[in-house]
Amino acid sequence: MNHDNTNSQKIKLTGEQIAQHNSPESCWVIIHGKAYDVTEFLPEHPGGPKIILKYAGKDATEEYEPIHPPDTLDKYLDRSRHLGEVDMGTVEKEEKEEDPEEQGRQERIKRMPILEQCYNLMDFEAVAKNVMKKTAWAYYSSGADDEITMRENHNAYHKIWFRPRVLQDVEHIDTSTTMLGTKVSMPFYVTATALGKLGNPEGEVILTRGAKKHNVIQMIPTLASCSFDEICDAAEDGQCQWLQLYVNKNRDITKRIVQHAEKRGCKGLFITVDAPQLGRREKDMRSKFSDVGSSVQSSSGDDVDRSQGAARAISSFIDPSLSWKDIPWFLSITKMPIILKGVQCVEDVIRAIESGVQGVVLSNHGGRQLDFARSGIEVLSEVMPVLRERGWQDRIEIYVDGGVRRATDILKALCLGAKGVGIGRPFLYAMSAYGLPGVDRAMQLLKDEMEMNMRLIGCSKISDLNPTLVDVRGLSMHTATVPSDTLGSNVYDPLVGPKEKSKL
Amino acid sequence: MNHDNTNSQKIKLTGEQIAQHNSPESCWVIIHGKAYDVTEFLPEHPGGPKIILKYAGKDATEEYEPIHPPDTLDKYLDRSRHLGEVDMGTVEKEEKEEDPEEQGRQERIKRMPILEQCYNLMDFEAVAKNVMKKTAWAYYSSGADDEITMRENHNAYHKIWFRPRVLQDVEHIDTSTTMLGTKVSMPFYVTATALGKLGNPEGEVILTRGAKKHNVIQMIPTLASCSFDEICDAAEDGQCQWLQLYVNKNRDITKRIVQHAEKRGCKGLFITVDAPQLGRREKDMRSKFSDVGSSVQSSSGDDVDRSQGAARAISSFIDPSLSWKDIPWFLSITKMPIILKGVQCVEDVIRAIESGVQGVVLSNHGGRQLDFARSGIEVLSEVMPVLRERGWQDRIEIYVDGGVRRATDILKALCLGAKGVGIGRPFLYAMSAYGLPGVDRAMQLLKDEMEMNMRLIGCSKISDLNPTLVDVRGLSMHTATVPSDTLGSNVYDPLVGPKEKSKL
Amino acid sequence: MNHDNTNSQKIKLTGEQIAQHNSPESCWVIIHGKAYDVTEFLPEHPGGPKIILKYAGKDATEEYEPIHPPDTLDKYLDRSRHLGEVDMGTVEKEEKEEDPEEQGRQERIKRMPILEQCYNLMDFEAVAKNVMKKTAWAYYSSGADDEITMRENHNAYHKIWFRPRVLQDVEHIDTSTTMLGTKVSMPFYVTATALGKLGNPEGEVILTRGAKKHNVIQMIPTLASCSFDEICDAAEDGQCQWLQLYVNKNRDITKRIVQHAEKRGCKGLFITVDAPQLGRREKDMRSKFSDVGSSVQSSSGDDVDRSQGAARAISSFIDPSLSWKDIPWFLSITKMPIILKGVQCVEDVIRAIESGVQGVVLSNHGGRQLDFARSGIEVLSEVMPVLRERGWQDRIEIYVDGGVRRATDILKALCLGAKGVGIGRPFLYAMSAYGLPGVDRAMQLLKDEMEMNMRLIGCSKISDLNPTLVDVRGLSMHTATVPSDTLGSNVYDPLVGPKEKSKL
Amino acid sequence: MNHDNTNSQKIKLTGEQIAQHNSPESCWVIIHGKAYDVTEFLPEHPGGPKIILKYAGKDATEEYEPIHPPDTLDKYLDRSRHLGEVDMGTVEKEEKEEDPEEQGRQERIKRMPILEQCYNLMDFEAVAKNVMKKTAWAYYSSGADDEITMRENHNAYHKIWFRPRVLQDVEHIDTSTTMLGTKVSMPFYVTATALGKLGNPEGEVILTRGAKKHNVIQMIPTLASCSFDEICDAAEDGQCQWLQLYVNKNRDITKRIVQHAEKRGCKGLFITVDAPQLGRREKDMRSKFSDVGSSVQSSSGDDVDRSQGAARAISSFIDPSLSWKDIPWFLSITKMPIILKGVQCVEDVIRAIESGVQGVVLSNHGGRQLDFARSGIEVLSEVMPVLRERGWQDRIEIYVDGGVRRATDILKALCLGAKGVGIGRPFLYAMSAYGLPGVDRAMQLLKDEMEMNMRLIGCSKISDLNPTLVDVRGLSMHTATVPSDTLGSNVYDPLVGPKEKSKL
C-alpha cells in the first residue's frame, strides 16, 4: 500500500484495513477520522508505547484528544506516516462497558450545586473533585511524592498574619497594578497549567476569555491542550498574554516558538527552570493503573511498569542540560522580557539579576516536582530582606505562585514584596466544574475579597502594601510534632458538654 | 390612592389591596400590622432587594423583626411611604410547610439540658447550637473567610501559661476594678454584638439585666435589635452603659447618636475602627441559601448572587473614609471618654495615645472581619512592652476582646496589662439558650472561676496581677505543622492497650 | 428522746424512729449501724447539705464510706449527736433499681484482661477506666477546667529527648538513691492522692504494702479514705512514710496532726501549697449530676447548683490564708524535714530555700487545681539553671510530680536535677483494677524499664545522670497550631496505598 | 537410654519415646527430624523456658525455624544432648485448629496487589502488613515503649526542606559513590535486621541477591535467620558485604566471628553500640500473648510474665560491659575498617574519632531500643557543624540509618554530610510481601526517585551535595502541641463546601 499522503486522496481507508495493523510490528491508529502509521514512533512516544498499542488498529481519538494539542501529529509525525481519511462508517464501534464509576459521576453531575453556592476558590475544587473524570482529577490534583510541598504551598500562608492599620480612608479601593509594564485590574495572573481539555472540552481558551473579562494576564502553557495559536486567537484586542516555555533540546524549535510568540504579541517569556525532568506523581500514576493484567503476578522486578500517568505523557523534549550559560542566547533571540519561573532560593535570585533577566517566579511548580521544596511565599520572605540590604529590590519583578486561594494570600505576598501572584489550579477547577461562568465567578470572588481585605488592613491602593503589615515570625519554621502517644491518648476521657435529657 | 399617613386614618387597608403590590414596580409589605411602600427603597436596602421582594404584597414581620431595631422604618423610610394600618383579618395566612429541620429543633428544645448542667461558657454554646434556628446560629457563630482568626482568638490563650506564686494570703479575694472610672465587680464587660433578637425575642435588654445583676458594664451596640432607648430604659439607676458606634457617612446622624447617648448617661464612646466594610461570612451566607432557585443553573458569572446573609443586611451606613483626621471632631462633640475599638498593632496604639483618646480595644471584631488578623491578646503582648519602654503604660486604658471563655483567659489578659476584657458571643449563647437565667449563670460561673483562679495564682486583688505571672514565650509563634504524610501514617500500626477476654 | 450517747445503751434505735427525722429541720442518718443527728451540721458540711438530705432518715453508709476516713464522725460531730446503735433488722432495705450502667460494668469486670497483659502504666489506666464505677473514675481522672494542664503534665516529657552515651560499662545497674536521707530502691515515691477507697475497698494500705515490697516511700495523704493510723499501722518495720498536709485554719489541729505523724515515725512533712481552695473539676461535677430533678427547669440563675462532685466534699478546713509567714512556725513544731509541695516557679524555689525548708515539690497538683499551670518538669528546667548559677543546687532537694508514666520520664527529671519523682494516679489505677498485685506489677514494670533505659543512655547509677544527657530545646515552647482550614483539608484527596484486587 | 549421638545411629527414635519427655524435669524436642534433650538448657534459653516447654515432647520445628539460624543447636547445645534422628512417621501430627485470623490472612494473600502497584517504599509496608503473619509483623514493625522514636525517625526528615539550585546542567546524573572504599551505585546500603525468615522462608539471602543486582552493600546481621556462611555464599564475586556485630561476653567467640568474617571477605565491621540490652517492644510482646492461660487470674505480681516476644528470644550473649576500653582490642584483631553503629551525640562521635575507628553510624536502632532517642538525621545536624569547626569532617565516614523511605531522605542526609544511609525495614517488607522481585523493585524505585530528585535540586553527582541545599531550622525543635480543648473543638461548627442538590 502506498502511504503517500496527498490531499487528492479519493478512496478512504476502511476500518477493516486499519484493524489489521494492530501490533508493535505494524501499528496504525485513527485520530479525528484520519489514520496514522505510528509503528516507528512507538519507542519515541513520551507516554510509552503501551498506551498506543492499546489502540493499535482502532480509533484512539477519545483518549488522544485532551492530552495532545491539535498540531501534535503535524509537528512530530512525519507526513509520510499520515495515511489519510478513514471511512468512519466502516469502523467498528467499540461497545463501552457500563462503568459504575462513570455512572456515579453522571449522577453527581446532575446534582451539582449551582454556581452561586460557590463562595470561595476551594468550593470550585470541591465541586470539581466530584464531577471530573477520575484520571483528569488525578492529573490536576496530584503532586510530587507525598504531596507535602503541594499542601505546604497554601499551608505556608497560614503562618503569616496581618498587622492591619485602622482609621485609614479606605472608601475608594484600587486593586490595579502593573506587571512587566502591563496595567492589570488585579495583582494576579492565570499561570500556565497543562492539558486544559482534561477538565473542559474547550480547553485553555476559556481561561483566555475569563482573563479578558477581568483584565488580568494569562500565561500560555507550552503543554496546553489547545494549540498556541488557538489560545492567541481567543484573545481580544489589547489583551495581554505571556508565554510559558519548556526549553527543547533542539534550540531551533525553541527559537521558533519564542519568536512566533513574540510576533503574536506575547509580552513576557517565562522560562520554566524547575522542571529538567517532569515529576513523578503517584496519585496520577495510580489513577492510570488498570485492572487489566492485574491477575498476572509479575515475576521479576525488571519489568518495572513505566506508564506513569498523564504527567509522563507530556514530558518529552525538555532539555535537562539547560543552564545559566543559555540565558544570553535567550536574551539575544527576543525582545520580550524574560522571567525565570521556578527559582527557589535567594542565591539564584541574585544570579538571575546578574544574568540580566527581568524577573523571577518563586515557585515549586505547584508542588508537582520536588517534594520538600519550600513554598514560594517562604522563599520570598528569604529573598526580599537580602535584596533590600543590597538595594536591589527594584532591579527585577518578583512573582510568586503556588497555594494561592484567598485574597489574603495575595495581599500577604504583595506585602512581602511580590509584584503579583500566579494562580493555576483554582481556575482549572472552576473551568472544569462550571466552564467560563465558573472562571468568571472565581475571579469576581477574588476581587470582592481583595477589595474588602484591602479595606480591612487599611490600604487603598497596591502601593500601600508593605512588610510592616504582616507578621512572618512563624513562617520559616517547618514544624512536625512529636508522634502521638497512642496509649496515652486512647485512655484519656475527653470532656463533653451537657447531655440532653433522655427521650421520654 | 392617597398615601397620606395620618393618625386619623379610619379605614384599614386590606390584604387584597396589599397583595396587588407584589412586584419591583410597586412593592408593599406589611410589618407589625402596618403597610409600607418600599418600592423606591428597594435599591438602597443594605440586604439587597431580593429578600424584600420575597415578601412583596405580604406580611414580612417574622423575617423583619429580629434584624431591624423597632425605629428602623421611622428612621429610614420617608413618612409618606407609611401607608397605615392593615386589617390583618383580611390578610391571607401563609401555610407554612412542615420543615423537618424545624421539627428536629423543636424536639431538641424539649430535651434541652437544664441550666444547672452548664458548668462553663462553652456549655451554653453547645446547647445554643442545638436549639437556635439555623440562620440565627449561623449569624452569631460565623467568622471571616476560613474562620481562622475567629478560632485563633481563643486558641491564643492556650499559648499563655501561668507562673503562680504560692503561700500568699488569699483568704479574701477582691475581683473588683474600675473601667473608665466606673467601679465594677469583675474585670469584664458585655461587649456589643448585633441582632440580639435572633437569639431571644426580648433581645439586648436581657443582657442589660444580667449586667446589672453582676455589676458589670454593658456596651450598647449600634446594630442592636432593640432600640438604643429601649436598652437604656432597661438599665437601672446608676447602672453604667457604654455606646458602641458605627460612624455614619452623615456626621449629623452620628453627632445626634453620640449626644443622645451622652444625654442618656452613657459613660464611654467606643468607636468601631475595624469595620470600614462589614465582613463576608460564608457560613452565614451559606445558611441563607435557599433551595428555591437551585434547580436553575445560572448560565453566566455575571449574575453573582450578592445576598450575603444577615451580615450584609446590617452593613449600611458605615463610613469607610473614617480616619485619624476625624478624631478631633469626636473629641469636640462629646465629653464621654473615647475608645477606639478594633486597634490591631502597637503603631496604632501609639497613634491613639497621641490623638488624645482615652482607650483602645485590641480586637479583631470577634474574627468576623479580616481573617488572619491576630488575636487581641497577642497584640496586647506586643503593645505593652513598647508602652512600658516609653513609660506610656498609664496614658490610656487598654481593653481586649475575642475568644475569652474562661476566667484564666481574663487573668492572662490582665496580667499582660489589659484593664478589662470584653465578652460577647458567650452571653449571646447563654441568652439564646436560657434567657436571663442563662446570662446570670454564665456570669456567676465566671465569677466562681475568677475567685478560685486568683487564689491559685496567689493574687488577692486585681492590682496584684502582673506580667511575671505568665509565660508567653509561645504566644507569637504562628505554627502550622508540616502536612501529614498520609501513606506513612496509614501504614503505622498504633499501640493498643490490653484486650478484654473474649465473651464466653 | 435522750441523745445521751453512752456505751451502756441497751435499747437500739429502730428504722422507724430514724425515718421520722428526714428533713432539714431534723435530720438523722445511719452510718455503719449507728445513728447520728446531723441537723446542725448540715450547713457546715463541706460537700453541701443536699447530699446528706438525700439520705435523711436512712442508711447512708454506702455513699459515706469511701469518701470519709473512719474517724471523721468522731472528729467533726459532737459526741452529743451520736445517737447510738440501730437495730438494722428494722431498717427498710431500699430496693435498688437495676442500673444498666452498673450491669455493663459488672460484665466488663468479668472480661477484664489478666494482669500479665499490662505492659506499662497506661495499661492499668485503660483497664481501670473500664472497670471502675463511673463516679470513682471521674474523681480520679478529672482535672481543672479544660484539663489542659493535666494532659500537659505527661505531654511535656515528650518534648525532652535523650542524648545517650554509648560504650559505657552498664553491666550492673544500680537504681537506688536517697530521698531526705532515706535509702530507696528507685527514684520515685508514691505521692499522696485522696479517697483511695473509691478505687479499692481496702484503700491506701494497699499502696503501703506495694511501697514496702519495692522499697520506695509512700506519702500519706491528709484526705485518705483510711485513717492516718491505719496507714501507719500497715507499714512494716523500718518502712519510710511521709506526711502530706493540708493546713487547717485551726493551727492546734495542724500541730496535733504534725506531731502525731512525727511520733509515728514519718520522715518528711510535705505541706501542700498549691491548694488554698480545692479545684473545680467539671468531669467530676458532671458525673455527679443525677437525672433526678432534671425534669424541672430551674427558672432563675440564683439557684446555682453547688454540688460539685467528690472534690468539694473533701475541701473543708484548708486555710487559704497560709503564707510564707507561717513557715517559721512549722519549723518550730517539728524536726521532720519540711518540703513545700506545689511550688511552680523559680522565684518561689529561691524563697523556699531562703525560708529554710529542706525541699520543694515542683507540682501543679496533678493538673487538678489551676489549668494552664506549667508542668513540674518544665518548671524544673527553669529552676535548675538559676540555682546552679547561684551555686545553690545542693541547698534543697527538688522533687517533681505529675504525668510520670514511663521510666524515661523519671530519667529525664533526674537528668535535669530532680532528686526523685512522685507518682500518684498510675498506682491508684493499678490498685483499682488489680489490687496489690496490680501495684506490685506496676512498680516492677517501672523497675524493668528503669534498668533497661539506664543501660541505654549509658548510666550505671543514679549519680551518673546529668543535664548533658537530655535535649530540652523544645520544652518551654507552648505551641498551639493555627486552626485548621477545614475547606482546604476537606477537599484534599489523600494518597492511598496499593489497592487489593477486587474479590472474584 | 544412651544419649550417645553417633552418625552410625541405626534405630530412629519414635514419637512415643519423645512424648514421654514433656516436663521441666525431662524435656525433649524434635527439630528438623532430630531429637534434642534441652532439659538443662531450659534456664539458659534467652527466650525463656516457657516457650520451649510448650513443645516439650513434640515437634518444635515450625516455631523454631524462623528465629534461629541453622547452626544454633550445634553452637549452643552440647553434642551429648543431640539425641539423633526421629522416625517422623511415628510422631503424632497435631491437629491445627482452624484459625480465623490465619484464614483471613490467606484470603488477603490471594487478593494481594500486584507488584507494579507499589510506587514507593511505604506501599510495600502497606502490603506486608496485610499479608504477613501477625507475630512476624509485630516483630518487624515494633519499637521501644510508645514507639515515638521509631516514628520520629522518618518524621524528622519532614522538618528538613530543600533549597534547590536551578539552571544547572543535570542531563547526566551519577548516583554512585564510595563507602569505606567500595564503589557503589547508590548512596545507601542494606542495613542489618534480625530474623529474615519471619518474613520470607528464604531469609536474608534474598537481600544479598537484591543488593548485588543494584550494586549496593549488604550488612550481614549477627542475628540473621540464615547462617553467616549461607549469606556469604549467596554473594557473587566481588560483591561487598559488611558484618554487623553484637559483642559476646566471651571475647573468643567474638574474635572467631570477626576473623571468620574477614576471611570470608567482609569489608567492614559494624559494632553495635546502642544495644547493651535488647529493647522491650510492647507490640511484639502483646502479639505473643496467647489466650491460653488467660482464664486464670494471677494472684500476685511476683509472677511477672517475662515472655517478651521475638525480641527477647534473640537477646542473649550481648555483653553490656562493652566499653571504649575494648576498642583497641578490636583494632588489634582485624584489618577491616571498624564502624561504631548506634552513636547518638556529638561527644561520642569525637570520642570515636579519637579512638581510631573509621566510622560511625548515627542510629537509634530503628527506634527499637530507647524511646526518645533522637533521630540519626537530627544527630547528624548536630555533629557536622562541630566537626567542621574542628576541621575533622573528613577523619571518619558518617552513616545514618532509621526512617529512610524516600530518595529525598537520602539526599537530605547526604547534603548534611552523611557518606551514606542504611535502609532496613523497607527491604524486609518488600521481601516479605514479594520476595526478591519486591526487593528489586524497591531499590529500582529508590534509584528512579534519586535521579529525578538530584536533577530537581540541581546536582549531577553525589559530591555536589552540600549543606546550603537544605533548610534545617525546624529540625531540632521537638514540638508537642498544647493538649486540645475538647469542649471548644466539639462546639465549633466547621465550614463545609457547597451542598449537592437533593435527589429528586
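Chains: A, B, C and D, in written order; residue numbering restarts at 1 for each.
The working rule: contacts are C-beta pairs under 8 Å (C-beta built on N, C-alpha and C of every residue); 3 or more make two chains touch, one makes a residue touch a chain.
Please read all numbers here as calculations on a predicted model, not as lab measurements.
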Specify the angle of rotation obtained when superposing chain C on chain D by their C-alpha atoms, rounded to a multiple of 5 degrees. 90
Thinking of A-B, which of A-D, A-C or B-D forms a repeat of its interface, with over half the contact pairs identical? A-D
Taking each chain's centre as the mean of its CA atoms, how far is chain B from chain C in angstrom? 42
The distance between the C-alpha centres of chain A and chain C, rounded to whole Å, is 60
Check: chain B positions touching at least 2 other chains come out as 113-114, 117, 119-120, 122-123, 126, 146-148, 151, 158-159, 282, 286, 294, 474, 477-482, 485-488, 490-491, 495-498, 501-502
Could you please specify the touching residues of chain A with respect to chain D in the complex? 108, 110-114, 117-119, 122-123, 126-127, 130, 145-146, 148, 273-274, 276-277, 279-280, 282, 285-286, 289, 293-294, 296-305, 319-324, 326-327, 340, 342-345, 347-348, 369-374, 476-483, 485-488, 494-497
Report the residues of chain C in contact with chain D in the complex, numbered from low to high. 113-117, 119-120, 146-148, 151-152, 155-156, 158-171, 406, 408, 412, 436-441, 443-445, 448-449, 451-453, 455-457, 468, 471, 473-474, 477-481, 486-487, 490-491, 497-503
Residue numbers on chain A that touch chain C, as the complex places them: 120, 122-123, 125-126, 129, 137, 141, 146-147, 151, 154, 158-159, 282-283, 286, 291, 294-295, 405, 474, 479, 481-482, 485, 487-488, 490-493, 495-496, 498, 501-502
